[in-house]
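Structures are listed in the sections that come next.
In the two complexes below, chain A is the common chain; its partner is chain B in one and chain C in the other.
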Partner chain A sequence: MNSKKNVLWHLPLIIIGLVALLPVVFMISNSFKTLQESYQSILNLIPTKPTIDNYTTLNHQVNLIRLIWNTFFMATIVTLGKLLTGLLAAYAFRYFQFKHKSFIYLLFVATIFVPFTIVMIPNYLVIAKLNLLNSVIGVALPQLCDATGIMIFLKTMEKIPSSLFDSLKIDDIPNRRIFFNIVLPILRPSIISVGAMFFINSWNEYVWPTLILKDKGSFTLPLALQNYISSEGGTNFPLAMALSSIMIVLPLIIYLIFQRYILNSISNSGLK
Partner chain B sequence: MSDNNATIELKEITKEFKSTKVIDQLNLKIAAGEFLVLLGPSGCGKSTTLRMIAGLESVSNGEVLIDGDDLNNKANDGHTIAMVFQDYALYPNMTVYQNLEYALKVHKVPKDERSLRLESILETLNLTKYKDRLPSELSGGQKQRVALGRGMAKKSKIFLLDEPLSNIDVQLREKARDEIQNLHDRNKQTIVYVTHDQLEAMALGDRIAVMNDGIIQMVDTPDNIYKNPTNLFVAKFIGTPQINILDVKYQDGYLLIANQRVVRVKQTANIEPNDYLLGIRPEHIKLSKESDEDLSIPAVVTKIVDYGRFTQLTLELDEKYTIKAVTKDINCNIGDTLYVRIEEQTSIIFDKDSQKNIYWDRV
Partner chain C sequence: MHSNKKILPFLYLLPTGLLLTIFMIIPIIYTFYLSFFDWNLIAPTKDFVGMRNYVEVFTDPVNQKVLINTFFYIILLLILNFVIPYIISLIVKFFIKKMQGAYKIVFFIPSLFSLVVGAMIFSWILNPVSGPVAFLFRESGFVLPNWTNSGALAIVVLCLITNWKVFGYNFILLLTGLGSIPKNIIDATTIDRIPKWRMIWNIILPMNKSIAIYVLILTIVQGLQYVFTPTNVITTGGPYYGSSNVLYHTYLNAFVLYKTGNASALAITTFLIFLVLLYLEIKFVEGRSKYE
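On to the complex of A and B.
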């Protein structure tokens, strides 16, 4: 009875899994085709004459190391910034009593619902005034704080019983130590999963970096990819697929390493 | 004033949460080295009082004095007060040893001194085996001992305990109670202990402060509180089975139940012809099978519970009152009629309106 039920449940899951996997397989297989073959039989999953020419061509056309480094650098700064500000803000909301606390928190959370298109222009103007156009810092700066992080971290911190904080208060433990010695270790799983989420989002980010980064030397991977699929750059499909395949490697590694935490999600904080 | 304990004085303490008075003008003096138990039903303000002593809760009005000094002026050295919480509040990311060591480390107690102190605490609390475990790998009783140990490690002058035993098994509770008692005998810290369990209070306290509705109803030794409660609340709250309360009338030197004389009152100073409440503890009710005394009244047995050590009888008196009696040596069956006798010595008389014990100063 039970196993029958399991099969019934797994069947749709397997189908959905296959559907989700298809584009990835499609991307990887086309990255090993010649341009001609990809035009003739784009849906063929296994290339008739696999070739790594696309990868070598890519390597000649763009500085791959530089691209990966730019993207990694930007995503790391943004992720660290979001984590740090999120954790500090959540700690303040959890630990301190101050006037209009819930109202201020509401304002923070409300920023999640402001569409990017609305802040895009003002942010651009500020970055331009600061003379940070064309730099990774210019891309990262407006993104160093994110209310999503505050919200998730606060929810996790709320699971830490008040008595723990009371006990630390009676023992006269300074805030700095409470934050680093107690709160951060307890929140470790949720920091890792939220951090991975931030990193992958930032790694894939396209619109905002396009506005700021003009110089090819400071391009990130999604921007470089654009060159191969836009009308101006001409469409070399296998080349674009090869670059896409390179692009997913790092997020994939991150996911594989931390999937245990990501799956456990934010609910498991190590308490109790 | 001494090195290992301190006096606590609460002066006219009032605590309000959003215009609700939780504590109302509370006065309490706790001597150095005393073991005081705050006892009361949940929501009576006992935990709030403890948290105000700890400085975790601000005082709306009044003063908390530690060794005569205002709590807020005390140097924050982390050595004055230690507290054990109901849910233990252990640091989940640290092992047992690290939990005990943490506050000492932060306050720069030298390493040798630290390990010396902790080894002996782990030894006394039987935790040496578990010192490298995380709190999540411990049972409730073990966690409770770690929490206790963490409080002990600080060698504070004042030790506050907030219902430390309420989350552990009944069987372990007595053992834990002994540990706390031993701890106090050895270190002579000033201990304030909050509980809603009257047995725990009776067993541990040098004195008990019984609280209700944010007011201390009575502060006295366990014995006095049991024998001579100030008011009806204290009488009912202390003692299992609960004290019997009967409507009585005072007339011509006698207390009457349903117009029948039951108690002859010799101390007539505070009493005048009126209606009163008579409190009598179940173990003080004398039962006999024959009506050999002139003041005894008949009652019908409606329930018998044999606890082995004693038998608890439920009796119906005058078809109006249900009373409980505890006895060892009477054989009876449900439906039997027994004769109940109440002695003046053990009867407590309460005023009907104020519910105060009118012989409060008797003892």
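On to the complex of A and C.
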């Protein structure tokens, strides 16, 4: 009786698991089907005659290497920027006493509640003035800091006992050295997990890049994919799915390697 | 030495502070300024129009429609991205004994993918003519309605796409909250043979209040921004602004219709709504942190 009940509770969870995964599985499968087969055998999970035609067509239509590089380059700059500014700020909040500390901290946290629509017009104008339209640098520039990172790093730093720092300060060891030689090594796991999250989010980013990148040569992967979806005369789904499959490889690899770290850092970002 | 010590913390805060000032604080003030003008983003002159843009936010029929849509979005997002993940996290925490870790790993996977990918997959899955769901409907004698023709149905689909992406994320946050409730409290209720649903209602939910409110607020604030991507990819706010919300409409006004003033007034209105949410977050969530 009891075990039967237990199985019943698993049912909704298994359904949710399928809803989470099946779309992706179908997407990958369809990317190896011809357009005709994708219409004729919609529910076939395994293509009858697997083909890589969609991938070769894609390779002719867009510069895949360029797209991947643009996306990778942008995501790397954004990730490094957010990590550096976040670590420095968290260090200040943890180890210094200064005026208006709680107010400044709340101001940083409050930035999470600023809708992008309120900053997009002025920021667009600034990036245009700086002649950075159609450049991934222009996309990255306004995004080099992130309050979530500060919150998570601060939480991890709170686990390092204050006594350690007090003794280092008595020995007059400069903050610069404490920061680089002691704090950063201890924080390595959370730097990896937060960095992985930043990278994946930036890799997937769509809204702000659509405003800045208008020239196809400057496109990132999500923008190129959008072009396939809204193309005239309906979407060629196998083709769009091939591009999507290419897009999800890197985030999946990062997740497979750092899965435990990533899930932990999400937990940390919510714990108050 | 003494003054050096006073400046030092601000040096560490400088990069973040500078970036926030240039790309957040000044832009907010500038958008506020623009909201009192009639401008098209390019013209050299701006016409001062006072409160007209704000009056239009609430009197223009399209804006009214968009505001009602936004309300509809919020309700749906709360159900899909907060209530359901919360129920599921309670099931995983209190009603099953195995596989908790596996569910966490699997549920999170869609969060790794771009919403553009999600929008593409679901516009295939729910394609009213050639998609698999339409196919299954036909086989069983039903017709899948063409949801792109109906604002309300389009909103449901757009919310489902965001739900696909954020479900796992919110689920993990809520599950973590439940995990931090001391085990002896839960054990005590099992010894006293208190029914599980009563334990959850009377003890667990109140104890998990702070993280739940955090996720609830995040659901609204992030959800409305997440919906932007599938909206732009699939419906561009149509049919007749039927699936537009206040954020998407701000974008349309600013970068498609070039009505910068209207866009700015809409953005400020959104910001005011979010500020109320921020106030709640500070009151109920951050209030417990030691930096308060």
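Convention: the second predicted complex is superposed on the first by the 242 of 272 C-alpha atoms of A that agree within 3 Å, B and C clash if a C-alpha of one lies under 4 Å from a C-alpha of the other, contacts with A are read in each partner's own complex, and residues count from 1 in each chain.
As a working rule, contacts are C-beta pairs under 8 Å (C-beta built on N, C-alpha and C of every residue); 3 or more make two chains touch, one makes a residue touch a chain.
Nothing here was measured: the structure is a model prediction, and the numbers come from that model.
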After lining both complexes up on chain A, report clash or fit for chain B versus chain C. fit
Once the structures are superposed on A, label A:I200 by its partner contacts, choosing first (chain B), second (chain C), both or neither. second
Go through the superposed model and pick first if A:A240 touches only chain B, second if only chain C, both, or neither. second
Comparison of chain B and chain C by chain A residues contacted: C
Touching A:R177, do we find chain B (first), chain C (second), both, or neither? first
Contacts for A:L144 in the overlay, against chain B (first) and chain C (second): which applies, first, second, both or neither? second
Determine, under the contact definition given at the top, whether A:V119 touches first (chain B), second (chain C), both, or neither. second
Please indicate which partner A:S167 is in contact with in the superposed arrangement: first for chain B, second for chain C, both, or neither. first
In the superposed arrangement, which partner chain does A:P12 touch: chain B (first), chain C (second), both, or neither? second
Could you tell me the angle at the CA centre of chain A between the CA centres of chain B and chain C, given to the nearest 10 degrees? 90
Three-chain overlay, closest Cα atoms of chain B and chain C, distance in Å: 10
With the touch criterion stated at the top, can you tell me which chain A residues are shared between the chain B interface and the chain C interface? 270-272
Write out the stretch or stretches of chain A touching chain C in their complex. 6, 9-10, 12-13, 16-17, 19-21, 23-24, 26-27, 30, 39, 42-43, 84-86, 88-89, 91-93, 96, 98, 101-102, 104-126, 141-142, 144-145, 150, 175, 200, 203-207, 210-211, 221-222, 225-226, 228-230, 235, 237, 240-241, 244, 247-248, 251-252, 254-255, 259, 262-263, 266-267, 269-272
Contact set on chain C toward chain A in their complex: 6, 8-10, 12-13, 15-16, 19-20, 22-24, 26-28, 30-31, 34, 41, 88, 91-92, 95-97, 99, 103-110, 112-125, 130-132, 135-136, 164, 167-169, 172-173, 176-177, 179-180, 210-211, 214-215, 221, 224-225, 228-229, 232-234, 247, 250-251, 254-255, 260, 263-264, 266-268, 270-271, 274-275, 277-278, 281-282, 285-286, 288-289, 291-292
In their complex, what parts of chain A are in touch with chain B? 161, 163-164, 166-167, 169-174, 177, 181-182, 185-186, 270-272
With touch defined as at the start, can you tell me which chain B residues reach chain A in the complex? 51, 54-56, 76-78, 81-83, 85-89, 91-93, 102-103, 106-107, 136, 154
